[in-house]
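Next come two complexes, and both contain chain A; in the first it sits with chain B, in the second with chain C.
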Partner chain A sequence: MSVRMLKALAAALILVLPLVGCWDTKDINKQYLPAVMGIGKGRTDKYRVILQIPNASGKTQFLEKEAKSISKAVDLIRTDSEKNINLVHLRLLILDKELARQGISNIVNFAVRANDISIKGMVAVVDGDFEKTLYHEISPTPEVSSYDFFSEEAGWTPNQSILRIWEAYRGLNSYSEDMAIPMLSNGDRTLFTFKGTAVMREDRMVGTLSKDETLLYNLFKGKYSRGTIEVAQNTSVMIEKAKIKHHRHWSDNGPSLVTDITLGVVIMESPRDKKHAQIEKEMREQLSRQFNQTVKKIRDYHSDVLGIGMIFRPRLSERSINEWKSKWFPMLEQKINVHVNILNEIYLKDPDVGS
Partner chain B sequence: MLRSEKQSLQGMEKRLYDRFRKSSDFTCRTVVIANEEFRACYLESLVNLRTTLSTINQNTVQPDNDWTRQDFHALEDEDDSVIRLSYELLRGNLILFNKEDSVTVIEPEQPDISRSIAIPNSENPIQSAFDAFTEDIDRNIGLLRKKMISDQLVIETRFIGGRSVKKLAVIYLEGTARPKVIESIRKSLDENSDKELTTARDLTRMLGHPKFAITPTYISSELPTETVQNLMNGKVVILVDQLSFAFAFPAIVTDLWTTTMDANFPQIFQVFLRIIRVGATLLAVTLPGLYVVLNSVNPELLRIQLAITVAKSREGVPYPSIIEMLLVLLLLEMIIEATIRLPKNIGPTITMIGGILLGQAIVQAKLVSNLLIIILVASAIANFAHTSYMNAIGIRIYKYVVMIASSFFGILGLEGAMIWITLYFASLTTCSVPYLSLSLKGQASDE
Partner chain C sequence: MNKIQTVTLLFLLQLASVFAVLPERMIAASSGGHWIAVTILFAVELLLLWLYLKALSLFPGKTVVEICIGAWGKWGTRLAVIPLLVFLMLDLILLAYYQSIEIKTVLLQQTPIAATSVLFVFLCLYGAWKGLAVIIRASIGWFFLFMPFVLFSVLISIKNFKFHYMFPLWSGSMSFLFHPDFYVGTVIFAGFLFLGMTSSETRIGFGKAAGAVGFSFVFALFSVYIPLLLFGQETAIHLQYPLLLASDTIDMEWVVFDWLPSFYVVSSSALGILKVSVLLWMFVSLLHRLFMPKANSRWILSFACVILYLSCQLIPNIGVLNSYLYLNSYFCLYATIVFPILVFLAAQRRRKKVSA
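And then the complex of A and B:
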C-alpha cells in the first residue's frame, strides 16, 4: 500500500470516527437528572408520571404529565422542559397503591427495558395520598433524602423492606418466588413514614405485612443487622446475629418446611430483676408465635414472598416448578422454631450467678 | 606577516594553511625549542603556546630528556596526512614541523575553557552525592571511575561524525549488562559512525530507535551517582563529549516511576513513593478524559449527589466539555512551557499570574467550571510526580489521545485508549529489550 493510500485511509478514519461515537451527547448541565419517578393513576389518562429533579441550589423541580404509557409521559415532559431529561440517575420508582392492586408488570417491564434506567433503582408503593407524598418536601433536596431513606449506609432499618427493580422483575417472572414492596406515605416531620410491606402475588398486590412482620421477611432474606425487638413490658433486645437453617421435607401430603432461627441478641432494656433465662424463654415463645402467625398469613395470601420455592427448587422437577405457586405452595406445612442466645451476659452481672 | 617572513612555505604547511585559510585562529609561527628551529601550527583558541613552550623547554634542560626521542616522521601520502593533521589541530593539538619537513604532534597545554564540576542544575538529589557531570567527557569518565572502583567497568571510547567529530564513550558493567544490549548498541554505532552527533536525538537516531515514540528510549541524568546506579541495574551508559548528561540505554517501563535515588531510602519508603508515582501516572493520563466522560457522555457514573454539584458548577458554561478542557489544557501547557525557560527569578511571577489570577478569573468569568480547574490542577501535579521531565512529556501528550477517545466513545473510549497504550508499550523494543520488562539485570530471556 502506498503512503498516499495510507494517508487517505487515515483521513477517512478520522472523519468517520466522530460519526460512530457519541457525537450527540449532551453535557451534564444541559440535562435534568431526575432521582425519583412517581407513577400514579391519571385523572384523564392511564398513567400520571411525576419526576423529582434535584438541584444543587436546594430547590426541587417537579415535572408532571399524563399519558397512556410511561415513556410517552416522559417524552411529553421532555418536550416541555428546557433541558433534556435523562433517567440514568433514577433511584426510586414510587407507585400508587391503586396501580399496585391492578398489576405492575407493565411498569416493571418498562423500567427494565428502558436503557437509561438503572435496574439497581428501588421500587416503593404509596399507601395514602399519592400526590401529597410525591410533592412532600422536608429537606431542600427530597430526592436525595428519599434515596437515603432506603440506603443501608443511611436511614434503613431491618423493619423496612427494600425492593430493587431487578428483584421486581425476578418476582414477576420467577416460578418460585414473589416480591414484597415497601409501602410509604408522606411523614409529618420526616419525608416518609414506613407503612409496612405490600405482599404481591405475581404482579398484583394482595395484602400487607406490618413493620414487625417485615422483620421476619428481612430475616429470611438475610438482612437483619441491628433490628430491635420488643419482647415484653420494658424489655427489648437487639439482633446481633441470626442463623437460619431450613429442614425441608417432601411427603405424600406435599412439602413441609421446618425452619430453625437462632438469634444472637443483645439486651438493650430490661427490668432489673428479670433473669436472662426468663427473657430468653419469653422471647422464644413470643417470636415463635408471632412468626408462625406471619407465615400463616402469608400463606393465606397465596404469595411466596419469603422465597420458599427457592428452598425447594432443587427437589422440584421442571413441571412441578411451574405448579409451585398454584399447587404446592398452598399445601406447604411450615413451622418456625426460634432459638434465642443472649450475647451480653459477660458484660452485665447476672443476679443468679452473682449471689 | 608570516608568509612574508618566510617565503617558501614547506609543502605540508602550505596545504594546512590553505585548509584553514578562513579560520582566523589558525596560526603558524617559528618557535625555538632546545636551540632548534621549528614551525608550529595550531589553533590559538585551543592552545596556550606560551606555557606549552616553557614546559617543553624546561624538559629539554634536563639531561635525560625525552624531547630528543620525540618521534618525528616524514610525511608519506600527502592527502591522507593533511586530513589527519587537520583533525589533530581541531582536537587542540600542536603540530611541529622541523627543517626536514618531518612532523610531530604534541599535546599542548590548553587554555581553561571547560566548566568545573558543580552541583546539578536540572535535578534535585535529596540524599546523595551532589557533583554533576560537566561538558568535558574525560572529566565525566573520571567522575564515573571515581564513583565506581571496579575493573569490570568497561569504557569504550570512539569518535563519530562526518563534518564534525565527536568523542563518545560507551560504558557498561561487564557481567551485569546484557551482552545482547551491548552488542546491538555497538553494531548501530559502527553502522552510523559517519553521521553527525550533536544532540540527544542524533544519538537515538544513530542507535536506530523509533522516530515517533511517546516514551523516551533512554534516561538521561546529570548525576554520576545515578549513572552508577543505572550501570549497576544493567543499563549501558553513553557519554557524549560536550553534553553534560549521561544517557542510559535502554529505558524500560519501570523507569516511569523509579528513580535510582530511591535506593537511598529505606525499603518501605521506596515502595510507598513508587506506588504514589504509579498512581500519578494513571491519574495524569486518565483524569482529563474522565472529566469529559463524566460530564458529557456518561453522567450515570457519578453518584447522584456529585452529579448535582457537577451540573451546578457547569451551569452557564458556554462550551461543551471537550472544548472547555482543550482550551484550559492549552493554557496550562503554555504556562509550563513558559516557566521552563524563564530565568529563575521571573518564573514564580508567571506561576502566580497563571495559576492564581488566571485560574480564579477564568472560573469567575464562568468560562470553565470549578471542577475542571480541580481536575486540571490534579492532572498537572500528577504529571510532574514522574521521575523525570522526559517521561512526563510522553504522558502529557498521551492524555490528549485519551481525552479525544473519551469524548467520542465515552468510558469505553477511555478504556480503549488505555488498552491501546498498553499494546503500544508491549510493541516497543529498544536495544533488543522489550519496553515492558521489569528489570534489565541478569540473563532473563525475553521469550
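And then the complex of A and C:
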C-alpha cells in the first residue's frame, strides 16, 4: 500500500469522529414533545404534573403523574410512557392558583435550571378548575395551539398580560420590580378565556387585576397598541399610540411619582351627534378615575407590579435599590393624569366642525 | 495582507476569551458600574501590549524567546518561561473543558464529555499541527464564517432590553479589585502573547493591535451589558452562562431555528477552537525551542494533546474548574503582566549592550 493510500484511509477514518454527535440520539418519532405543562396541587403528593402533547393527527394527548417534585413527576410520566419525553418544545407553563398563592419560586427555579426547557416559554395561572382547564380540548384544528393564545405574532391582544419564564425568574430576584401573571380558564369554543392578571409580591400571588385594569399594567410595560376602550354607552375608542411621561420627585416623605399618559385614540363607535370634545372629556375623566383606583389597589397589595422601582432606579444608590421594596415603595405617592388626543384617521368628520 | 490577517486573529482571540469568561466574571465581581471593571482590564491590556510590541519592534525579525536569550542566556529565559508554560497548559485544559461542558449543557445533553472533547481536541490538534502561519491565514475565514452569527446572537435580544437595569452606573467603590473573579478576567490578555512569536512579515504595529483590542472592547461591553440589561444585576449573578441565556429570551416565529442559543454556542466554540489551537502551538514551540530542541515538535504536540484530553476527563465538575481558574489567575497575571514587562526590560538591556 502506498503512502498516499494510507493517508486517504486515515482521512476516511477521521470522518468517524463527527459521529460522536449521534451519541444516545433518539429518533424524533420515538419522542413525545409536550407543548404545555400544567403544575397543580396533587391529591396525594405535593405536585400534580400534566403534560399536553400535540400529535400529528391534530389531537392532544394528556399524561399526568403526582410526585413531591416536578422533575420526579416528569420522570414518572417518562417511566410509563411508550416514548421518550423531551421538554425542549415546552412553551406554556400553567400553574394552579393555589400553588401561586403559596409561592412559585421552586417552580420557576426548576424551569430555568432545567436546560432542556427554553426560558422563553410562557407562564400562566389557572383561575378556576385546574383539571378542567388542562384537559380542555376543542374540536381538532391542528393549526390552533395553546401557545398561539399568547403569541404577539398570533392571538395576543393588549387586554392580556404576558409573562415569560425568564421574566418570572427576574421578577423573583429583582430589587425594583414585581411580576404579574396572566390568569386563564378554559373557554367554551376557544381553548382559553382570559380572566385577568395575578399580581405577585416576590414569589407569591397577592391579588388580581381585572381585564380592564390590565390595560394600565400593559401601558406601563409599553405594550398598548390597538386596545379598545369602552367610554360610555355606544362609544368606544381604539388606542393608536400612547406616550407616557414620568415625573419623579424625592422628598423627605419618600418618593412620589406623577405620570402623564397621553393616549392617541381613534373613535370606533359613537352616537351620531356626539362631539369629539365630549368624548375626550368623558374618556379623560373615566380613565383618570379608573387608573388612580388601580394604582391604589396595587399599592394596597404592596406589590411593585408596575415596575415603579425601575423608573426610580437611575436616581437611586445601590443601597436604596436594595431597600426599594421594603422601605421606599410603601412610602410612594403616585398619581396618574390622563390626556386624550383624538386622531382623526377615519372616514367621518367631527360633527362639531361642520356646523 | 498578512497584517490584516494577524490583526483579525488578535481580534478573534480577544473575542474568544471575552465570550468565555467576561460576562459571568464581571457580573460576579462587581455589583454596579461594571464598565469601570471592563475598562480597567482593557486599559491595562493596552499598556502591556505597548510594552510588548515596543520590545519587539526594537528587534525586527526576532521572537520574544530570542530577545530573552540574548539578554539573559538560555537558563534565565527558561526560568522566565516556566510559569508561562504552566499558565498555557492550565489555560488550555480549562478552556477545552469549559467549551466541552458548554456544548454538553446546551446542545448535546446526553453525550458524555469524553465524546465531545475528542472532537474538540482533535480539531485543535489539527490547527496547531498546521502551525501559526496557517492559523493566521484561516482567521479571515473564521471571521467571515462566525462574526455574523456572533453579531446576530448578541444583538437580537435588544428587543427585550430594559435600559434602567444599567443603573447604578457608579458603584463608588473599587471593591471588584479584591474579588478573585475579576482576576480570572485577565485571561483575555493571553490573546496578544502570540504576537511575539510570529515571523517578521506578519508582525503588526501598536496602532493596528490597539485597533483590534479597542474593537474587542466594544464587544466586551456588549457581552457584559446585554445580560445586565435583560436580567438585571441581581438576577444575572445567579446565571452560569449569562450571555447564552440572553439569546434564549427571544421568541420570534420568523427565525427558522427555535433554539437560538445554539448559534451562540457554535460560534463561541469555533472561537474557542481557534484560541486553543494558538495557545497549543505556542506551548509546543516554546517547549521545543527551550527545553527539548532534539525532539520532533509534532511528537511533543501529539503528546500535549493526549495530556489535554485526559486532563479534561479528570476534572469532575464545574466547581473544580472554578477553583483551578482561580489558581490559574496567578499564573495568568505572571504570563500576561510580568512576562511582557520582562521582555521589555530584556529588549532595553540588549539594546544597551549592542550600543555600548
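Here is the rule we go by: the second predicted complex is superposed on the first by the 326 of 355 C-alpha atoms of A that agree within 3 Å, B and C clash if a C-alpha of one lies under 4 Å from a C-alpha of the other, contacts with A are read in each partner's own complex, and residues count from 1 in each chain.
FYI, contacts are C-beta pairs under 8 Å (C-beta built on N, C-alpha and C of every residue); 3 or more make two chains touch, one makes a residue touch a chain.
Since this is a predicted model, take the numbers as computed values, not measurements.
When both complexes are overlaid on chain A, the residue A:210 reaches neither chain B nor chain C. Judged by the touch definition given at the top, the superposed model places A:311 against chain C, while chain B stays out of reach. When the two structures are aligned on the shared chain, A:35 is found in touch with chain B, with no touch to chain C. When the two complexes are overlaid on their common chain A, residue A:27 makes contact with chain B while staying clear of chain C. Contacts of A:120 after superposition on the shared chain: chain C is touched, whereas chain B is not.
Once the two complexes are laid over each other on the shared chain, residue contacts for A:341 go to neither chain B nor chain C. Residue contacts after overlaying the shared chain place A:17 against chain B and chain C alike. Shared-chain residue A:84: touches no atom of chain B or chain C.
Touch criterion not met for A:293: it reaches neither chain B nor chain C. Common to the chain B and chain C interfaces on chain A are residues 17-18, 20-21, 23, 25, 88-89, 116, 118. By the touch rule above, chain A contacts chain C in their complex via residues 14, 17-18, 20-21, 23-25, 88-89, 115-116, 118-120, 151, 153, 164, 166, 169-170, 172-176, 310-311, 313-314, 316-318, 321. Residues 31-32, 105-106, 108-112, 115-116, 118-119, 122, 162, 164-165, 167-168, 171-172, 230-232, 234-235, 238, 245, 248-253, 258-259 of chain C are the ones touching chain A in the complex.
Those residues of chain A that touch chain B in the shared complex are 17-18, 20-23, 25-29, 31, 33, 35, 54-57, 86, 88-89, 91, 116, 118, 141, 143-144, 147.
Touching chain A in their complex are the following residues of chain B: 294-297, 299-300, 304-305, 307-312, 314-317, 320-321, 407-410, 413.
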